[in-house]
Amino acid sequence: MGIELDFPAVLERWPSFLDGAILTLELAFFATVLGAALGTLAAVGRRSHSSLIARACKVYVEAIRNTPLLVQIFLVYFGLASIGLKFSAFTVAVAALTINVGAYTAEIMRAGFDAIPGGQLEAAEGLALSRLQIYWHIILLPAVERVYPALTSQFVLLMLASSVCSQISAEELTAVANYIQSDTYRAFETYIIIAVLYIFLSLVMRAGFWGLGFVLFPRRRRLGTPL
Amino acid sequence: MQQDIPSASIVSLRDVQKSFGSLKVLDGVSFTVERGEVLAIIGRSGSGKSTALRCIDRFERVDHGEIIVCGHRVDSPDVNLRALRQDVGIVFQSYNLFPHLTIEQNITLAPCSVKRMALSQAKDLARKVLAQVGLEEKLHAYPEQLSGGQQQRAAIARSLAMQPKVMLFDEVTSALDPELTVEVQKVIERLAADGMTMVMVTHEMGFAKSIADRIVFMHRGKVHETGPASILTSPTTPELAQFVGTADLKS
Amino acid sequence: MGGHLNINHLLFLGHGALWTIGLSLIALGGGGVAGFVIALARVSSLKSVRLLSAIYVQLIQGTPLLVILFLGYFGLAAVGFQLSPLAAAGASLTLYVAAYLGEIWRGCIESVPKPQWEAAEGLALSRTQRMMKVILPQAIRIATPPTVGFMVQIIKNTSLASVVGFVELMRSGQIVNNSLFEPFAIYAIIAVVYFAMCYPISLYSQRLERRMGRGKFNLAPA
């Protein structure tokens, strides 16, 4: 049997692939930034003195971590529609991915918070720092430094998982590929190309996070030791 | 609102009681610390000495009794904690330097964020207090790059930068080797010579004897015997005699 | 169109849920065996084997599972290998799970304390004997909580098989929705069923982890 591969025929569409890759990065960027914020709030909320807030945050984290992203995306998509809100597929995708990665971020940040020794808090209180100052300087910043590798791996996984957004026809790399393969009848070549692109994007993200860590954590840069 | 209570004493405890569950750790503790005085609290582990110290800075809430520190009613539920802690410096057994910050950042953090001091001014201050503890050259080091003794001296410098009216030392040399203990003790001696008011919980009888103006010996949650440093050599209660005896045996 | 959710719909969803479990077991079995090989290859004494297995892991971990599924189903069909949805989903999940489990287990093998490796070497055991008799039994203990935790990922990921038309829970929900058109309610039900499958496993994994945390002290060199 003769397998005939024709990559050039598909690669002709490189501007579309490039657009798709950029859209995927955008999607990942927005969801990462918003999800990091949401997850951090949820992690803080889990330590709340109010058991209602703490429990609500736990329910959120467990509900998301124990259901598939695909189901979550459909729920957000149809949920917003059912209350009469119309958003672009891209916006819905950002919202669903944010909710998703927020839960994983919360769990990772919680581990980071738990690793802060009690003595650190006492020392900070003894120096008359306010609650907010303690949260920022003594809990949040060192926790982020400690869990940074886990956090960034999660964000790379999020970028890859964003391919699922093609199922609500959000414009991104996999959706572009679906379109191109139905147009060219060259599914194999098309998906190989976007697989390579996704691998490239994950390398780009990892390099980006490495660079960001280099800037953000002078201690790690100088000493190379984990916190 | 809390009122300033005129009082000659920097620290005064009156009939302070505190229980952890059914365990009574402080059972009517009273003592005062005057300006410029060095008070050493000694006693067996479990005698309540660390708890008494921690009550002064409100790390423990008391069940009963009165604590006044630099005019702050510490036993009152609406004491202004941050104002209290600007007046009181505390140094812990486990140093508790912030590992993600340089020594300089450890020191400038509180003056900048609490007192809104300009960073350049805070950096000058950091240099000054580090000189006081003999660590000028470690300004840009991270805590993990320092020995235990150096970390503890840096922690003392960090407290000094807030210009407290009284310093509390909670077994600050207990985690250190003998040589490192000596370097930290020298720093504390210098502070005492400069007239700093200090309350320290310590196991080091020799050090307590040489530096303290007054000794408080705690036993079973009570102040069992108190007096000048000479009570360590001529105790009046058999408990202190026994304690000093065993303490001597250990060292 | 229209109508209400009836017992037939629920039975259909139940059937889908069973296939979700079935596909998860296929992925766990296939991915487990392949992942074990990957884990051993990653700590092999042969550099080329280590390199090849590392490349495999990097490639799979850098590609979305959805794209692997599309390749296995549409891609292979386009070049003349038409796989059934079940075969395509089973194979894709196996490749995917193998890379992740292989990497998790490599970490577990490497976290067996160094003295254990040295002691085994000192006893003049062969490399295979060292691995089988000393290292792996300890690594399995360490590997249990994260492996159980990863089973949740597997169950959730089988939902992607729906996009190549394999009728598991997600796809059966879509089919029911096509006749009822109550998407929000139906996906909410689907979500609850996934949660009911995953949450107990998550809890169990957390419990194992906590127990291991205590167990670690027992592992300290005597």
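First chain written, first letter: the chains are A, B and C, and each begins at residue 1.
In this text, contacts are C-beta pairs under 8 Å (C-beta built on N, C-alpha and C of every residue); 3 or more make two chains touch, one makes a residue touch a chain.
If you want to know which protein each chain is, UniProt gives these names: A = ABC transporter permease; B = Phosphate ABC transporter ATP-binding protein; C = Amino acid ABC transporter permease.
For clarity, every value in this text was computed on a predicted model and none was experimentally measured.
Undergrad: Work through the pairs of chains, note which ones touch, and then classify the graph as line, ring, star, complete or other.
TA: Drawn as a graph, the chains make an open path, so a line.
Undergrad: Counting C-beta pairs in contact, which chain pair has more, A-B or A-C?
TA: A-C
Undergrad: How many angstrom lie between the CA centroids of subunit B and subunit C, rounded to a whole number?
TA: 55
Undergrad: Taking the mean of the CA coordinates per chain, how far is subunit A (ABC transporter permease) from subunit B in Å?
TA: 46
Undergrad: Quick one: report the Å distance separating subunit A (ABC transporter permease) from subunit C, using the average Cα coordinate of each chain.
TA: 21
Undergrad: Considering only the defined contacts, which subunit A (ABC transporter permease) positions touch subunit B in the complex?
TA: 117, 119-120, 122-130, 133, 137-138, 141-142, 145, 217, 219, 222-223, 225, 227
Undergrad: Sort out for me which residues of subunit A (ABC transporter permease) touch subunit C in the complex.
TA: Where subunit A (ABC transporter permease) meets subunit C, its residues are 1, 3-5, 62-63, 65-72, 74-75, 78-79, 82, 160-164, 166-167, 174, 177-178, 181, 185-188, 190-192, 194-195, 198-199, 202-203.
Undergrad: With touch defined as at the start, can you tell me which subunit C residues reach subunit A (ABC transporter permease) in the complex?
TA: Going by the criterion above, the answer is residues 58-59, 61-68, 70-71, 74-80, 152, 156-157, 159-160, 162-163, 170, 183-184, 187-188, 190-191, 194-195, 198-199, 202.
Undergrad: Tell me, which parts of subunit B touch subunit A (ABC transporter permease) in their complex?
TA: 57, 59, 81-83, 85-86, 88-90, 92, 94, 96-102, 109-110, 113-114, 142, 144-145, 155, 158-159, 162
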